Amino acid sequence: MLKVNDIQVYYGAIHAIKGISFEVNQGEIVTLIGANGAGKTTILHTVSGLIKPKTGNVQLFDKEISNIEAHKIVEMGMAQVPEGRRVFAKMSVQENLEMGAFSRKDKGNFDADYDMVFEKFPRLKERRKQLAGTMSGGEQQMLAMARALMSRPKILLMDEPSMGLAPILVDEIFNIIQEINKAGTTILLVEQNAHKALTIASRAYVLETGTVVLSGPANELLDNDEVKRAYLG
Amino acid sequence: MKKWQELLISLTGITILYILISMLLKFGVLNNYNRGIMVLIGINIIAAASLNFATGILGQLALGHAGFMAIGAYSAAIFSKAVGDAGMPDVVVLIIALCIAGTMAAIFGIAIGIPALRLRGDYLGIVTLGFGEIIRISIYNIKAIGGARPVLGIPNLIGFTEIFFLVVIVLMALFLMIRSRHGRAILSIRENEIAAEAVGIPTTFYKIFGFATSAFFAGIAGGALAFNQRMIDPRKFTFMFSVEIFIIVVLGGMGSLTGTVVAAVVLGILNEWLHFIDQYRLVIYALLLVVMMIVRPSGLFGTREFSLVGLIKKVIRFTKSNKNVE
Amino acid sequence: MKDFLQQIIYGINAGSIYALIALGYTMVYGIVKLINFAHGDILMMGAYFGLLAITVLGLPFPLAIVIAMLVCAAFGMIINKVAYKPLRNAPRISALITALGISMFLENYFVVQFGLEVRKMPEIAWLKGEVFIGGLSIPKVTFLIVGLSIACMIALQFIVRKTKVGKAMRAVSEDMQAAKLMGINVDKTISITFALGSALGGLGGVLYSVAYYQVEPYMGILPGLKAFVAAVLGGIGIIPGAMFGGFVMGIIENLTKGFISSSWSNAILFGILILVLLFKPSGIFGKNTREKV
Amino acid sequence: MALLETNNLGITFGGLRAVGNFDISIGEHELVGLIGPNGAGKTTIFNLLTGVYLPTEGDILVDGKSVVGLKPYQIVTRGLSRTFQNIRLFKDLTVIDNVKIAFHQQMKYGIFNTLFRFPGTRFWKEEAEIDIKARELLKIFNMEESADKLSKNLPYGQQRKLEIARALATNPKLVLLDEPAAGMNPQETKELMDTIRFIREKFDVSILLIEHDMSLVMGICERIVVIDYGMIIAKGTPEEIKNNPKVIGAYLGA
Amino acid sequence: SKEEVKDKEVVEDTDNPEGETTPDAGAIKVGLIVPKTGQVAQYGIAVENAAKLAVAEVNAAGGINGQQVELISYDNKADAAESISVFNRLVDNDKIVALIGPVISSTSLAVGPLAEEAGIPMISPTATNLNVTVGYDYVFRACYIDPYQGGTVAKFATENLGAKKAAILYNSGDDYSTGLAEAFKATFEQAGGTITNYEGYTVDDKDFKAVLTKIKGNGPEALFVPDYYNTVGLIAGQVKEVGLDVTMLGGDGWDDVQKEYAEVMEGGFFANHYAADDPDPIVQDFITAYKGAYNGETPNALAALGYDAAKIMLAAIQTAGSTDGDAIRAAIKATDLDAVAGHITFDENGDPLKAISMIKIVAGELKLEAKVQ
């Protein structure tokens, strides 16, 4: 459903992505792993339309989206949980969720969706009125995920959802990712926590400084010696 | 290359530039009109460099620089008029007057800086703007220094040589300051005040010190302006004048002193050149300004500095690599 | 005592105009964090367009207001597109300079286009004169301006707090990229912000020129500056703050002129602003949010 | 005498008691971990120790002397130094300048010497000295090649290392590290552990670190303090903490 | 209107500032420095228009001793530093022999010493500050000085109006306004009157109700407002609004005030240089010519002074018979000319000796009330 064809991305003179291709199929969890600065976030930004690739293209549902504006891509059914959560700090939890549903055309009737996210994240229900900026890191991460779900995405991109979270929350977050996937949402997951990511993913790509160096079914990579040495510690 | 060699090269460059322009003036290739423009540009360089120190280097938005220039101008004028007939040589009067101008402005800078620098960003900007206005309105209302009346009878002590060396001295002082532990401390405040404090920089002290230094040189620019015009029109020191100087700084590149020099020259020449469109001069000037900012949002130089030494090194490298190709 | 109350009334009159202009300032600042120095010139344009609508097109006053607001809104959007949008990722100071450049351009362009002579806003018959209440004279315009500025404040607050586009504005102001990821059209949202802010500026311009019946190319500078100060005083970015700041400024200004000194009044005004900021560094309504370390 | 000691330390933010009754004592050459759920108040404790926040209760003693009320830069002179959870480098300055700035307090030349740099004066001597020291520091972190790059252009992991190098440049006795491994993959985390051990030996410092990566915390800390809702809920060796039911319930999970 | 256009072309042709179309090598070059941009540009443009007209007339009549006159004009933004620059440019690049301008006092004060040193005779049409001409041989002006004007109005107030109590409301950020205010105060008090209020305001102030309310409390009979007409009109409107019952007085800055503010200005008096209803043929010819050249616009006092200044300068060059600075200077000094603003001779300083017209605003018209020497 998502296809990335040989993209090259630059930040000014910095050549961040040097020709990467991969695809994500309906119903999968695909994970991208790789060291700091390998270009994972850059890829997600390119897929979401925040950055435009210099060459190559991105296809969503067989439609080229490389030159479509980010907000239109969201309308097509893609959502992202950005790196570092980036919740709207001065808006309430409720309003953040409303923003998540911004792109939806079925006006107003989101009650079922609120129920769905509150069921997954009961803590958010208690804090509906609280300003997002005053919540703890873990709560903000939950909000960021709930917010993305509010758009009822067909495909969800997640950038390091476990970063900076307490171990107990890390487990919880990974459980929820699996739940979301089971409910029918395709997932592209970027993680530093390679072990956890590979455990829940179906396929994986390993990146190094802007290129794909390895790819394959997740369980195979989990056993790959090179991966073990470099990313699993 | 050793440090002293680099210094020597820079000094040689400056001397050659001086001799060149002096010759052009002497043989009439450049006339009195050109000389006047150069003096004005020089004054603008000093004013803008001082503002760049506060805004580009120290990182504090200061929108009331005209106020410090006013203080410098009045101090220099009052002093030079007071000693007018004492028979001191002109250079001595000039030096003392400019020192007084700078010091007075610096004192005000400290007085204003202590409360104002507790604020940040746009709030600091508006407070400095406010102080600039207060200074100007105070001048209007103080009869002893002439109120709204222009101050007259100031001797003409600034020519090309004086302004050239003044600019060189001011820029040198600022460069030396920036490239020292004190300058690094000031830069670190611009970059991240909390981190600066956490590595042991007394940020309050350096903010006030940086602001006072900036005010000091602004005072000198004001003094130079008074000596160049031989009179002071208090109405000059409005918010718009602060803005004009600010424009030079941003156009040249915040944090780049050489950028300030280039921008002052470019804008100075542009302003004269645009006389041919007469009434449309300011319209076109404003348009060009907007266009320049859109084309180069970080100013002409960004935060980089032009360096003669760097240029020479580049040229050497270039010729060498060419030879290798052969 | 009567004098004092009279001065307060005049202060409210002046302050309500500052408030109206400050609303537009604060609105734009709140969303795009740009001190839009051209806002005062939008005001000037509003005054001109209002004047032209009345004198050239012969429209009635309320219609002239609408025209001025619409044209200013359009100009606001154009200025945003031409001058600010290209600088969205540039250092903030650069955008400040383009704002100043646009301001200079508009002023000087209007000078060469319309000349410097002051044009007089025709008197609006039903706004002329005063109402006397308990020996105090209240100019009729005051009712209109105060009413309109309060109405605008409430409307604006409603838009920003409650409507979808208003929430989008707030999201954009916090994090443009994250807003895009929500499917918010950032360009359109900012454009609407400028349109709204400029429409308020235009309205302010017409009312200002009705209150002081003069229209000239530089008329926006001082009210623009004072409105900006008012916005800062109230807490820039905060809509009720702008309103409050405007009224406070107007009243303080008139009291100083009336009882202390009119030639020092601007100095005193700035002095008070500075004092307030020293004790409340983000304005009267501003929350003192320290940067989280 | 302990290097750092807090008595009943606490702070309240408008009703919210972010930290309370916090007692800790750190001796020389110790390596202590501070863990707890998100929002437990760990970073806030660092902010209290370094003078960013003024405690509303309790006392902080460094070498037996109270540092409460001192400005952050004054606390640096007492020998405390830190890194930040959200990296705070001097982004537009070079890597080497980032480090040199931290030597500020160890340099003494004044304004006069700055403007009149006669040969053989203090200026040249001190500048040459810190240039060498700063480069040595970078070398420890394998960053000597990047000395002249702008620090914002470094990869994330190196930025974290630069923060540590900068903290060390202030010549501290106790270094506070706030999530040094955040955003690093397991391999990089492993390298970081070695570096932390190395600097403790090389600079003879004590270290207090906050971290959510249990492999790192359990791997190198001698003692661990666990807080939740601003209060200490457990103290002990890694083994004890791992098996403490309270900690498992609140933080580690099953 | 076709004729108008034609006339305009003639005017512009003969004195094209850049001299592109008429590169007359032998032309006598006269400089003009006026503000053409910025907040006081309208003064500069009025003066420039009038000076161009004067030059065109002389050129049409065959020039000076057979030579055409070229008027080279530059904008100075009303700024002292810019004035100095353009003065140097006129002298060094354009080689002018004489200078008309600058308009604003402060800029004239900046250029004065340079003109003196360069030996370029200069006549400012409108700089009223006392010091503009003091101590210089080459510097003249075509208008009268602040103290003279302020004093005259005060005298008029006590003698002709019998006022005992007067209030002053002036622009404390303006040299001209402050100068007139001080002179008025001194003379009025000398004549035994009382100044009830001496209130300043800052440039760009638009709201005077507060201070007018304060003045109202002291019950003055006259209110002296020495500022330019727009501010005066604004103040007059608010005088009515706050119900202050006074006779308004002012100086030459009021010129034109009757156009837009007739109603609120009714019954006010001010000092001026000339009155458009003056039947004197010099005045009427000037008005006709100016209207013809500039779309039927009636010239204001600034235009009249600009015209006079140019006429004085051109006549002096003619009399001097050469372009030598010293000769021209001497010729100006000896001026004895019937000009638009009355008969002009010069005193020791280089200030004109001429009458002041006190003008009353009646039903939107300017009526000559008295001529004071």
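Letters A, B, C, D and E mark the chains in the order given here, with residues in each chain numbered from 1 onward.
Keep in mind that, in the parts below, contacts are C-beta pairs under 8 Å (C-beta built on N, C-alpha and C of every residue); 3 or more make two chains touch, one makes a residue touch a chain.
Note that the structure is predicted; figures quoted are calculated from it, not measured.
Q: Starting from the defined contact criterion, work out which chains touch chain B and chain E both, please.
A: C
Q: Please name the chain that ends up farthest from chain B once chain centres are defined by their CA atoms averaged.
A: Most remote chain from chain B, centroid-wise, comes out as A.
Q: Report which of A-D and B-C is connected by more C-beta pairs in contact.
A: B-C
Q: What chain is the most remote from chain D, judged by the mean position of CA atoms in each chain?
A: E
Q: What is the distance in Å between the mean C-alpha positions of chain A and chain E?
A: 74
Q: Can you check how far apart chain B and chain D are, centre to centre, with Cα atoms defining each centre and the answer in Å?
A: Chain B and chain D have C-alpha centres separated by 40 Å.
Q: When the C-alpha atoms of chain C and chain D are each averaged to a single point, how far apart are the two points in Å?
A: Measuring from centre to centre gives 47 Å for this pair.
Q: Distance-wise, how many Å sit between the C-alpha centres of chain A and chain C, to the nearest whole number?
A: Centre separation, chain A to chain C: 42 Å.
Q: Can you tell me which residues of chain E touch two or more of the remaining chains?
A: 37, 41, 45, 172, 200, 202
Q: Please output the residue numbers of chain C that touch at least 2 other chains, ranges allowed.
A: Chain C, residues with two or more chain partners: 108, 111, 263, 266, 293.
Q: What residues of chain B sit close enough to touch chain D in their complex?
A: Against chain D, the touching part of chain B is residues 4, 173, 176-177, 180-185, 187-188, 191-192, 194-204, 255, 303.
Q: Touching residues of chain B toward chain C in the complex: what are they?
A: Against chain C, the touching part of chain B is residues 55, 61, 115-116, 118-120, 122-123, 125-127, 130-131, 133-134, 137-138, 140-141, 194, 239, 243, 246-247, 250-251, 254, 279-280, 282-283, 285-287, 289-290, 293-294, 297-299.
Q: Quick check on the complex: what are the chain E residues that touch chain C?
A: Within the complex, chain E contacts chain C at residues 37, 39-42, 45, 172, 199-202, 204-211, 213-214, 217, 230, 233-234, 237, 241-243, 260-261.
Q: Can you tell me which positions in chain A touch chain D when the two form their complex?
A: The contact residues of chain A facing chain D are 14, 33-37, 135-139, 160, 163-172, 192, 194-195, 229-233.
Q: Along chain B, where are the residues that touch chain E in the complex?
A: Per the stated touch rule, the residues are 31-37, 40, 136-137, 140-141, 147-150, 152, 156, 225, 228-231, 233-236, 272, 275-276, 278-279, 281-282.
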